[in-house]
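Below are two complexes that have subunit A in common, paired first with subunit B and then with subunit C.
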Partner chain A sequence: MNTVVADITYRAMLGRKRILLLVLLPLALIGVAGLLRLIGGSSEDTAVTLMKTFAIGTILPLLGLIAGTGVIAPEIEDGTIMHLLSKPISRPVITFTKFVVAASLMAVFAAVPTFIAAFLVVRTESGVAYGFALGALFAGVAYAAVFLLLGVVTRHAVTVGVIYALVWEGLVGGYVPGARKFSIQQWAQSIADQVSSSAFFKADVPIGFAVPAMVIVTVAALLIAGQRLRGLSLTGDE
Partner chain B sequence: MTVTTVPAVATREGVVELTRVSRWYGNVVAVNDVTMTIGPGVTGLLGPNGAGKSTLLHIMAGFLAPSNGTATLTGQPIWRNHGIYRQIGLVPEREGVYGFLTGWQFVLSAARLHRLPDPAGAATRALDLVEMTDAKDRRIETYSKGMRQRVKVAAALVHDPQVLLLDEPFNGMDPRQRLHLMELVRRMGAEGRTILFSSHILEEVERVAEQIEVMVAGRHAASGDYREIRRRMTDRPHLFRVRSSDDRRLAAALIADPSSGAVSLTENGLEVQALDFARFTRLLPRVARDTGVRLWQVSPTDEDLESVFSYLIQPRA
Partner chain C sequence: MTEQTAIIHDIGYRHYEGPRLGRGSAALALAVHSLRGVFGLGRTTRSKIIPFLLVAIMLLPVVVSIAVMALLKQSAMGYPSYAVTMQAVLAIFLAAQSPYLVAPDLRFRVLPLYLSRPVTVLDYVGAKLAAMTVALFLLLAVPLTVLYAGELLVDLPGPPHTRDYIASMVCALLAAVLLASIGLALASFTPRRGLGVASVIAFYLFTSAVSAVFFGVLLSVGRDAAAKWALLVNPFFLIDSVQVALFGTEPSNGEGYPAGPWPALILVAVIALALTGLIMRYRKAASS
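And now, the complex of A and B:
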């Protein structure tokens, strides 16, 4: 962990247009939850559906994409990363620091709003709010690592990330049960299911698979990202 | 043609060595079998656009792996060796600066990333060195191109590196800033640092560099002091302009010697093609004395860097 790298990365993420997306997406989630409360749709069933499809199914991967790729991909693209790479700091330390920044942004802009949205609809009923907030937190960390890796290995990180989140997790995971096992969203739901006692919700992936998978994916993504950054080639305009 | 006048490098401290380095992208060869030693002093890396200068500089800076061969600094490999950056200051050509930081924050961050004992003091000195103290509290995105360039130089110098690599450093600078940076580069070279800068502007290289390394189409075409390189191009006659008290008599005497090629009489005096540089420079004063002609002016007309460079990139038909 390097505080200078973290400081620059936070400034880049929070001081620019990207913060608008980081703020608008959770605001939309909280707005929908508030609306449901106002129009009387505040049942546990509704809350679970809102969490599964919107909070975990849509907002979380999008935020993961913004935070995970945003902490590194634009710097590689415009060459500003040279400022960090031309210093005597190990490159895995740079990727780890950027991961910590992305993960902390996921905690603030994904996990906390997920809790607030669920709380607005059903308060603390059946532990739905706690469960999905915890699921969003852990999955947010995994998304941060995976999308950071994408940001290092490809200049098309956003496209690849969208395809993974929407096509693999959203579409393939919806129809092919086996694909769900390899979906961060599903792992988030497994954690939520573990904490929540709601009768309206049953996760497809067992917790005994989800948690180790999440840890392995996060650690592996970080290790690979560190190694790939060590071998990153940057060329001039020639 | 490769012309080499390599200076002896006694110690490897601060010496960048490329040994048979090639770099290709798919089927395109950007750098082809280059062996080069850059020691203390100012060296200009010269070549037309697309000659491979930038690729070579990125290999020396550890941002590109050679496809073949080795690149070392002080005997240590450069690629995948982040410790090497304690010795290197790098000024990339690409903008490469965080526009949302102020000049002060940018240079201070470089000092802190180097874990210097007094980062604020080092940042202050570096900004002062490039005359950016007055503008240091403005965001970099409000800077002109020349100011950005200077703040990048300050960040590269903040840890007082032994080796400074600059990619087209004078681009975008106004004439005063350019002169100031040239003076700074010369001074640092005289202090014994290894400074390599790439440029396609001959005048810049001529004014600053003691040594030149010329790249042409990915190959290392020449190395050394450019006047010396010129003298070693024995396949091209040297052109001299000579003004004297009696040009006609001097021409008649010079043409009789085999070291003189064509001699032509012009409004501005004689133009002599010397086939043998050393012999001609001995011949001319002797002939003038023997014929009683007074020499007023003897000037080589194609010994400047521009002529040397054009000879190197346009091989004789």
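And now, the complex of A and C:
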């Protein structure tokens, strides 16, 4: 953890247009929750649908993509990462610091709005709000680590991340039950299911698989990203 | 006074004396160059992977469908629902490729170089828009045409679905215009490619999730008419609703859409809004 690197990364993340998306998406989530309450759909069933398809299924991967790749990919793209890499800071420390920044952004912009949105619809009924907020927090951390790794590995990090989130988690996960085991979204739902006692909601992946998988994926992604950054080659793409 | 020794050698530089093609040719060249770039032609091998992978995914259901027609002698996939079924792939293609068209020129501030030629801002925007529209149209039209050719060759019992094919081709063009104008407008607001990809895909995911959530909730509280309106938030369902209104095809969602000219009017309004945003963005970029 290097506070100077963290400080610079925070400034890069919060001072550019990136902040617009980081703020707009959670606001949209809260707005949709408010609208749902207005049209009279303030049942537990509605809250679970909103959380599953919207908060965990849409907003969370998007924010993870923006935060996770945003902390490092733009620097690699325009080559300014050189200035950082030429300092006597170990590369794994750089990736870890950037990961901490991304994870903290996920907590603020993903987990907290998830809680607010669920709270707006059903208050604290059967722990739906707590469950999904906790799920969003842990899954947000995992997304941050995975997408950070993508940002180091490929120039097309955002595209590859979108393909993972949309095609693998969305399309393939929808038809092939086995694919759901390897989807961060489903792990988030397992955690949410563990906390909430809602009858409208049943996670597909057992919690005994989801939590270890989440930890392993996060740690492994960070280690690999640190290793990759040690041998980063800056070649032009276009 | 020293003797003059300086001379200018003729090292063979020549002026261009061929025909000067005007503004139209320049815009056309830019459009063709952009269209090639969308599919990664003339770029590195790595930038060909994603577009061609997505083209392959688009063709996959068509190939399976033709195989089913040939082996089981029954039609497998309808033409009108193809765009809605493949919406995720189309959205990924749009998100991945539209920043390529607009971001580098904005980022390296080379727009004044284009504008120092006969090309105007409108030509530039038009060329980029045409390139993206043609690319998206090809992405939809090629699989549809292959499927139609397959259907004709297999020669199923009963008449071929020519009407459905024509309807889906017209709507493929409408979808291409709509998606290209939205995609380019969103992508042009940031000079960074990654952020451009994220904002285009965020738009798609957000609209599709909003329409799905509101559709489900409004149906469950018994407000079916409002639920059908909620569907139109998703651009692909908007196109499908126009297709239903124009050609009377089967709605792909199984529920139907609001009747009347409203879907078509919304479609035109959205395209106009996106184009206005895009042109205003480039007016500003050209003057800075």
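In this text, the second predicted complex is superposed on the first by the 234 of 238 C-alpha atoms of A that agree within 3 Å, B and C clash if a C-alpha of one lies under 4 Å from a C-alpha of the other, contacts with A are read in each partner's own complex, and residues count from 1 in each chain.
What we mean here is this: contacts are C-beta pairs under 8 Å (C-beta built on N, C-alpha and C of every residue); 3 or more make two chains touch, one makes a residue touch a chain.
From a predicted model like this one, the values you see are computed outputs, not experimental measurements.
S.K.: In the superposed model built on subunit A, check whether subunit B and subunit C fit or clash.
M.R.: fit
S.K.: Classify the contacts of A:123 with the two partner chains as first (subunit B alone), second (subunit C alone), both, or neither.
M.R.: In the superposition, A:123 contacts neither subunit B nor subunit C.
S.K.: From the overlay on chain A, compute the angle at subunit A's CA centre subtended by subunit B and subunit C, rounding to the nearest 10 degrees.
M.R.: About 80 degrees, rounded to the nearest 10.
S.K.: In the superposed arrangement, does A:15 touch subunit B (first), subunit C (second), both or neither?
M.R.: first
S.K.: Of the two partners subunit B and subunit C, indicate the one touching more residues belonging to subunit A.
M.R.: Comparing subunit B with subunit C, the partner touching more subunit A residues is C.
S.K.: Of the partners subunit B and subunit C, which touch A:89 in the superposed model: first, second, both, neither?
M.R.: In the superposed model, A:89 contacts subunit B only, not subunit C.
S.K.: Check whether A:58 is in contact with subunit B, with subunit C, with both or with neither, and answer first, second, both or neither.
M.R.: After superposition on chain A, A:58 lies in contact with subunit C alone.
S.K.: Using the touch definition from the top, say if A:230 reaches subunit B (first), subunit C (second), both or neither.
M.R.: It touches subunit B, and subunit C stays clear.
S.K.: Would you check which partner chain A:4 touches, where first means subunit B only, second means subunit C only, and both and neither mean what they say?
M.R.: In the superposition, A:4 contacts subunit B only.
S.K.: Under the stated touch criterion, which partner chain does A:77 make contact with: subunit B (first), subunit C (second), both, or neither?
M.R.: In the superposed model, A:77 contacts subunit C only, not subunit B.
S.K.: Compute the least Cα distance separating subunit B from subunit C in the superposition and give it as a whole number of Å.
M.R.: 7
S.K.: Indicate the residue numbers of subunit A shared between its subunit B interface and its subunit C interface, in ascending order.
M.R.: 237-238
S.K.: Once bound in the complex, which stretches of subunit C touch subunit A?
M.R.: 43-44, 46-47, 50, 88-89, 91-92, 95-96, 104, 189-190, 192-195, 197-199, 201-202, 205-206, 209-210, 212-214, 216-218, 220-221, 223, 226
S.K.: Any idea which subunit A residues touch subunit C in the complex?
M.R.: Touch list, subunit A to subunit C: 17-18, 21, 25, 28, 32, 35-36, 39-41, 45-46, 49-50, 53-54, 57-58, 62, 65-66, 69-70, 73-74, 77, 155-159, 162-163, 166-167, 170-171, 237-238.
S.K.: In their complex, what parts of subunit B are in touch with subunit A?
M.R.: Answer in residue numbers: 30, 49-50, 52-55, 57-58, 61-65, 80, 82-86, 88, 90, 92-98, 100-101, 106, 109-110, 112-115, 155, 167.
S.K.: If we count contacts the way the header does, which residues on subunit A are in touch with subunit B in the complex?
M.R.: Interface residues on subunit A, with respect to subunit B: 2, 4-5, 7-8, 11-12, 15-16, 78-80, 82-91, 230-238.
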